[in-house]
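Letters A, B, C and D name the chains as they come in the text, with residue numbers starting at 1 for each one.
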Amino acid sequence: MINRVVKNAEEALKGVKDNQTIMFGGFGLCGIPENCINQMIKMGTKGITAISNNAGVDDFGLGLLLQTKQIKKMISSYVGENEEFERQMLSGELEVELIPQGTLATRCLAAAYGMPVIYTPAGVGTEVAIGKEVRKFKYNGQEKEYLMEAAFEADFAIVKAWKGDTAGNLIFKSTARNFNPMMAMAGKITVAEVEQLVPAGELDPDQIHTPGIYVHRIFQGSHYEKRIEQRTVRKKN
Amino acid sequence: MLDKNGIAKRIAKEVKDGMFVNLGIGIPTLVANFIPPGMSVELQSENGILGMGPFPFEGEEDADLINAGKQTVTLLKGSSIFDSAMSFGMIRAQKVDLTILGAMEVSENGDIANWKIPGKMVKGMGGAMDLVASAKNIIVAMQQVNKAGQSKLLPKCDLPLTGINCIKKVVTELGVYDILPEGGFKLIETAPGVTVDDIKKATAGKLVISEHVKEMAI
Amino acid sequence: MINRVVKNAEEALKGVKDNQTIMFGGFGLCGIPENCINQMIKMGTKGITAISNNAGVDDFGLGLLLQTKQIKKMISSYVGENEEFERQMLSGELEVELIPQGTLATRCLAAAYGMPVIYTPAGVGTEVAIGKEVRKFKYNGQEKEYLMEAAFEADFAIVKAWKGDTAGNLIFKSTARNFNPMMAMAGKITVAEVEQLVPAGELDPDQIHTPGIYVHRIFQGSHYEKRIEQRTVRKKN
Amino acid sequence: MLDKNGIAKRIAKEVKDGMFVNLGIGIPTLVANFIPPGMSVELQSENGILGMGPFPFEGEEDADLINAGKQTVTLLKGSSIFDSAMSFGMIRAQKVDLTILGAMEVSENGDIANWKIPGKMVKGMGGAMDLVASAKNIIVAMQQVNKAGQSKLLPKCDLPLTGINCIKKVVTELGVYDILPEGGFKLIETAPGVTVDDIKKATAGKLVISEHVKEMAI
């Protein structure tokens, strides 16, 4: 067993420098690496190119790193629910590259699986296609056009899992899984914070979502707020 | 004229037994409320759920269990959770039978715009571009006329596109339209109390009046 | 919940015709769909193009369908351990397309994930590259050549899982997983035989390997022999 | 001159703490026996294991748990199981630090042939083509001379290739060779009792004798 444990977020983020590309797991506020985001604020790392499906809200998640203006560029699929984001984007302070959600996921998968490019039909005929190779392929008996999209290159991937073991194996809970497994596999250096860190041997090898070979540093986070963005409920009758 | 629930109710009639269905944010989400109880249908949420259930009871919300609209939801028996790569994988592989989503504009050749108003609003496309590029059957749920009184069924979309030649059917507060392969909105049903004349006024794109136009039964 | 249960192998393989392309899960004799293979022999389906990593052994696994000469063509990565196979191949009775194991796996994944083609470096400069597009890409800071490989198209995919539920969700056990999940996702019609079929709701949604949306027919198999190809042990001291 | 275990023992010295290692069938499999007990190394088996352990005790074999050579094996603490797409995904993504495999022929520019003898033997390439195309560091374990007495270290491979320009090091019963970027087998160590003359006779490809050739210490 190769031990991947580090003490805390500080140790986990050693080597993060200004002007790097960093992936952040999570969908909305669900499954985001809260401890590492807080640590990034402490560190004051600047000029971040953030690959993340969303940008958090004004006062939580990646929104915090927008408030401190540590993010230079966002590569995301959906960035609503964030006024500060909108202000920085419209004023030109923040660079934004919007790409389809499936393209974002699959460009992570491409990096994870050593595929330099993938083809997707998402965005054909739209402004997303500008400057990209368009090529016809047959799939499922249908010929149509596809865009060539490149694997991401990220200096760090920072993800949040539910359980992890000392070998770096990760298990995600419910829809907090989202982008976390692919990003975990896509970083040059992958940092995972987990709610529960257990000794190697406690997790069922058949039930690992992300094998430890992809995870370079793992630690048990603390004080998870797990804020809910849209609390929707029904009444018992 | 239909309200939002009316539009959702009408669209629910397009949902058939054994279908896997993806519902977008807004009116499409309401469709789930009108699927007959005996029918076997599974909802896919593109953040990684198959077999999505209704909102949780008060006090049972789980921050780790949300839908693509970031709302707290529940899981039904037989559900499964997966990552975003697999989620969009199954969308591209056309395993989802029906996609229902909102739009700002739809053109007579089936183009759709629903993610950006230049200079005003740029929330992003989320999963919409993936869905419209791959889904076999796409229905748009929308208001036919915008707040300024302009038709959103157009000869050509003005706003940046989400996808091209992809929409098969549109359901609005006024009627139900099939989009013809050769182009055009073919009116097949009118909403209760709505005349063909009302519809003509509210349709900027090419309108084809079916010989068999009937009033919606909902 | 959409019910995917069928009674048995006979019902599961309804519609299988001569001269179709069929994927068979398994690696060696591990995780192979024993019940369905036996049913195929009963049915006498001819002219099969089989996509399977291996060809079984002479008297077990796909080897049985070779004995009965029901297989016209094998698409595999490794076909040793099988004399009848070698005989048919050298005599020209059997068509054989050998492709790298990772290429086989990834062409399944491409079908499963709606990617018409993928690029892999496996086989560049070898006879595997003959007739294929070769293209240079940069990945991980390195520029090198890749081959374009197409997604498989299979009329049926036949897989074996450990547990399954009535909604078609699958869980695999240990290395009996191998090619089964990708093939399950890659068939136009997917048939899964399982050791244990349980009611929907009994499996943890977080632990499903293959979601039921990909699985069209599921049944509980019986009389699993699970033969071991290379029994290797060490002595207790 | 080394026996198979000797070759494996020498190669084991190339394995470093913290490495993920893929061992091919044959001599490479034996390398696992010579990794020092205190060292943290995880073995990857391309059918879908990380953290592969030794053969099971008699009576504890599990038909569902085999390695890429189809042998019954065990799992160590911290192991994980995955499908073949992920397995070759991590191989292509160069997460495996060291690959050790057998060969029929190696050429002086690092080409390797190990999967086919036309008209005689066609077992298939299995995962070998994927491994040699992607691995950062590949060591070949082989006999330097075939049964007919011919060298298998060649100017150019005669047999169908498995991969090109990929082998970094070769360990045989006679010696250890680095393959030079400009081409050539650079002899760096001789096996006990083997002379440089013995090696010259057994090497058909370009041989470069290092100034610092020494006898192997194993």
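In this section, a residue touches a chain if its C-beta (ideal position, glycine included) is under 8 Å from a C-beta of that chain, and two chains touch if they have at least 3 such contacts.
Treat the numbers as computed from the prediction; the structure is a model and nothing was measured.
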item	value
Any chain in contact with subunit A as well as subunit D	C
Longest centre-to-centre distance from subunit C, chain (CA-based)	B
C-D or B-C - the one linked by more C-beta pairs in contact	C-D
Inter-chain centre distance, subunit B versus subunit C - centres from mean C-alpha coordinates, in Å	36
Approximate Å spacing (C-alpha centroids) for the pair subunit B, subunit D	56
Length of the line joining the C-alpha centres of subunit C and subunit D, rounded to whole Å	28
Whole-Å separation of chain centres (CA-atom averages), subunit A against subunit C	32
For subunit C, residues that touch 2 or more chains besides their own	106, 113-115, 120-121, 140, 172-174, 177, 205-206
For subunit B, residues that touch 2 or more chains besides their own	75, 81-82, 85, 88-89, 91-94, 134
Inter-chain touch pairs (all)	A-B, A-C, A-D, B-C, C-D
For the subunit A and subunit B complex, residues of the former touching the latter	27-31, 53, 76-81, 86, 89, 96, 98-106, 108-109, 120-128, 140, 162, 172-182, 209, 226-236
In the complex with subunit C, residue positions of subunit D that touch it	45-49, 54-67, 69-73, 75, 81-85, 87-89, 91-94, 111, 122-130, 133-134, 160-165
Subunit C contact footprint on subunit A (complex, rising order)	106, 113-121, 137-141, 146, 151, 153, 171-174, 177, 205-207
Complex interface listing, subunit D residues touching subunit A	18, 20, 40-42, 44, 50-51, 75-82, 85-86, 88-96, 134
For the subunit A and subunit D complex, residues of the former touching the latter	1-3, 111-115, 165-167, 169, 185, 199-201, 205-206, 208, 211-214
